[in-house]
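After the structure tokens below, expect a handful of questions from me.
Chain naming follows the written order as A, B, C, D, E, F, G, H, I, J, K and L, and within any one chain the residues start at number 1.
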Amino acid sequence: MSHHTYKHIELTGSSDQGIEDAVSNAITKASESLHGMRWFEVTDTRGHIEHGRVAHWQVTIKVGFTLD
Amino acid sequence: MSHHTYKHIELTGSSDQGIEDAVSNAITKASESLHGMRWFEVTDTRGHIEHGRVAHWQVTIKVGFTLD
Amino acid sequence: MSHHTYKHIELTGSSDQGIEDAVSNAITKASESLHGMRWFEVTDTRGHIEHGRVAHWQVTIKVGFTLD
Amino acid sequence: MSHHTYKHIELTGSSDQGIEDAVSNAITKASESLHGMRWFEVTDTRGHIEHGRVAHWQVTIKVGFTLD
Amino acid sequence: MSHHTYKHIELTGSSDQGIEDAVSNAITKASESLHGMRWFEVTDTRGHIEHGRVAHWQVTIKVGFTLD
Amino acid sequence: MSHHTYKHIELTGSSDQGIEDAVSNAITKASESLHGMRWFEVTDTRGHIEHGRVAHWQVTIKVGFTLD
Amino acid sequence: MSHHTYKHIELTGSSDQGIEDAVSNAITKASESLHGMRWFEVTDTRGHIEHGRVAHWQVTIKVGFTLD
Amino acid sequence: MSHHTYKHIELTGSSDQGIEDAVSNAITKASESLHGMRWFEVTDTRGHIEHGRVAHWQVTIKVGFTLD
Amino acid sequence: MSHHTYKHIELTGSSDQGIEDAVSNAITKASESLHGMRWFEVTDTRGHIEHGRVAHWQVTIKVGFTLD
Amino acid sequence: MSHHTYKHIELTGSSDQGIEDAVSNAITKASESLHGMRWFEVTDTRGHIEHGRVAHWQVTIKVGFTLD
Amino acid sequence: MSHHTYKHIELTGSSDQGIEDAVSNAITKASESLHGMRWFEVTDTRGHIEHGRVAHWQVTIKVGFTLD
Amino acid sequence: MSHHTYKHIELTGSSDQGIEDAVSNAITKASESLHGMRWFEVTDTRGHIEHGRVAHWQVTIKVGFTLD
């Protein structure tokens, strides 16, 4: 994790299962077009409420990947 | 989500299951007296420790609801 | 929770299961040498990505314990 | 502004005109049921985008009013 | 402090005596209409100056109480 | 606003008219090459001063758009 | 904007028109005694409420000027 | 508190008595050369320790005064 | 205060008297086992409420001491 | 620096020499594919430790460039 | 560093050499007209980029000096 | 960097040479009694001024090390 240059992007993933699943969905979607992702940091955890209960979670992450 | 006025309140829910369950407990309790809840944001995640392990989680959320 | 003096330490726990498990792992490890832990607060939630998916979670907590 | 006790609430107002109008809309709506509002502080300025332009503004304010 | 749901409100109390007295004044005023207050956190400490000295203190607190 | 993955970018727009116009200029410029923009959040409001008055405003926004 | 040393001061301007006008009022007042102002940053946007509507805006800015 | 322009300065006062006294000392000292001080906000509360007890308090305040 | 290396720890002290007394209690307790404490910074001021009034204060400080 | 629209990206550069060199390495790497970079802001300064000494520095910067 | 009152000012210094040199330049310039400077704190580290490399550094510091 | 538990401590190192040297001095001093240090993060950069120039730098770092 040392002599590289990294770029960071910010993504929001959604899930009706929970926080970990929302993060995984964002990373899976991003991996379709982006290679070299190495780490993430959760920066925001939100959700939508419908009929008095959690309808889905929306979790924002900052993702670092190597610039090659 | 546009031409309304929203009010926000802050709640803390508890659970011995985990973060998502503590959020759900807070929203379920609030929905007994409050209608029109639309979204939430997690602002604090804490917990109590007993005998060297997590006894329960306490998660604080900000909740937005429509003023009608 | 009143007439004591508390000291706080900061720990990072890891897990390939999720956030709650990473917190539990940190508290279990710390309890081998530290007694009187009373509460924790999550201060950072990160993780490592391998082959386009979450490899493990790393959750940082601040832990308070009684000074006796 | 001195020997009173104040309570603060947080509101989000909307407008397709701009920031000042969104704040005014929130205060006008709140004044239907709340008296003694004295000051506000803008805590968040957001908006929705439709067809590549700003559709409406959403401004969040904290409002202080006297408890009598 | 565990299996309850808490709601938080924000208050500002005033005093010409000092910080602790301003906090007490806010809590005393709120207790006229609110039950179940459990803890507070100081979020802002301000004051007014008249004739080159402190005329009164204004201390803002977040108060948590049980939702029953 | 639920089952999508969003990416966020940060832009600064300029205007000699005011804050709302600077935001609109940034969104108009970005819409030339970017589709699916959904919301923005103002993160910084600055400006340049010439001859003792505001010469132009520079407003920084975070913009979220759908990843498709 | 490069080989100079800058000093920053913090001002609050008022207006019953809006945010941009409050900023302009602060800069106009400061320019009576201060030369070389180059940029500003908005750090706080507040206002007073009278009779259920905004009476005036108070906007705080940090201003940078050259030390010569 | 409305149609004026305010300037803010930051001061640190000291006292071996406590927080309120340190604030008063800073304001008394500043009032020797500065008129029109209207309010203050505590931004930092520190102190020095000698021989295992508090030797004196150092409290930093931001002070606003009218520009006339 | 110059050519040393310092380590910082975080403590919470309690008192039913007030903020300064809670800080003193934390430092007195820590001085039983720790030497070379030089300064502190208040990072959190909280308290517990019982029967509608402040039961005790809990003040968190960061303490710096020399590593010798 | 006025009538343009800017986009910001976030990069982390590495160096075993020091902070300035880590920033330069990030900018040199980014300049291979990105034109119009105008300014940067350091947002995080970290490093890795091996055998009790700094092995390399990792400095994160936000970079602004013109959108043309 | 105890029984004095301190005032703080904020300065930005520039250098094409690096961070330490930019700080020194700001302090040298300020010392022409200001006496009794005692400490500084770095609050912002920025720079300008020309032709794909760092042209100069701009470092903002808060400086404390005694009021006598 | 994955299946371990880490503990973090906070240190301040001093140097009359510059920022990197102050960090190295803190890590060298800590390595006399602490093993397994893995990374650091700079959290505060300060210094003392004597006779109108920087006398020494004081840099605070958070250090993570493995709990084994």
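By definition in this document, a contact is a pair of C-beta atoms (placed from the backbone, for glycine too) under 8 Å apart; a residue touches a chain by one contact, two chains touch by 3 or more.
Since the structure is predicted, the reported quantities are computational estimates derived from the model, not experimental observations.
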Both-way neighbours, i.e. chains that touch subunit L and touch subunit E: I
Reference subunit E; chain at largest CA-centroid distance: J
Equivalent of H-I within the choices A-F, G-H or K-L, defined by over half of its residue contact pairs recurring: K-L
Inter-chain centre distance, subunit A versus subunit K - centres from mean C-alpha coordinates, in Å: 38
Approximate Å spacing (C-alpha centroids) for the pair subunit F, subunit J: 23
Whole-Å separation of chain centres (CA-atom averages), subunit F against subunit K: 31
Approximate Å spacing (C-alpha centroids) for the pair subunit E, subunit J: 44
Multi-chain contact residues (two or more partners), subunit E: 1, 19, 48
Chains touching one another, given as label pairs in label order: A-B, A-C, A-F, A-J, B-C, B-D, B-E, C-I, C-L, D-E, D-F, D-G, E-H, E-I, F-G, F-J, G-H, G-K, H-I, H-K, I-L, J-K, J-L, K-L
List of subunit D residues in touch with subunit E within their complex: 1-8, 62, 64, 67
Residues of subunit K that touch subunit G when the two form their complex: 9-14, 25-26, 29-30, 48, 55-56, 58, 60
Of subunit E, residues touching subunit I in the complex: 19-20, 23-24, 27-28, 31, 37-42, 63
In the complex, subunit K residues that touch subunit J: 18-19, 44-49, 52-54, 57
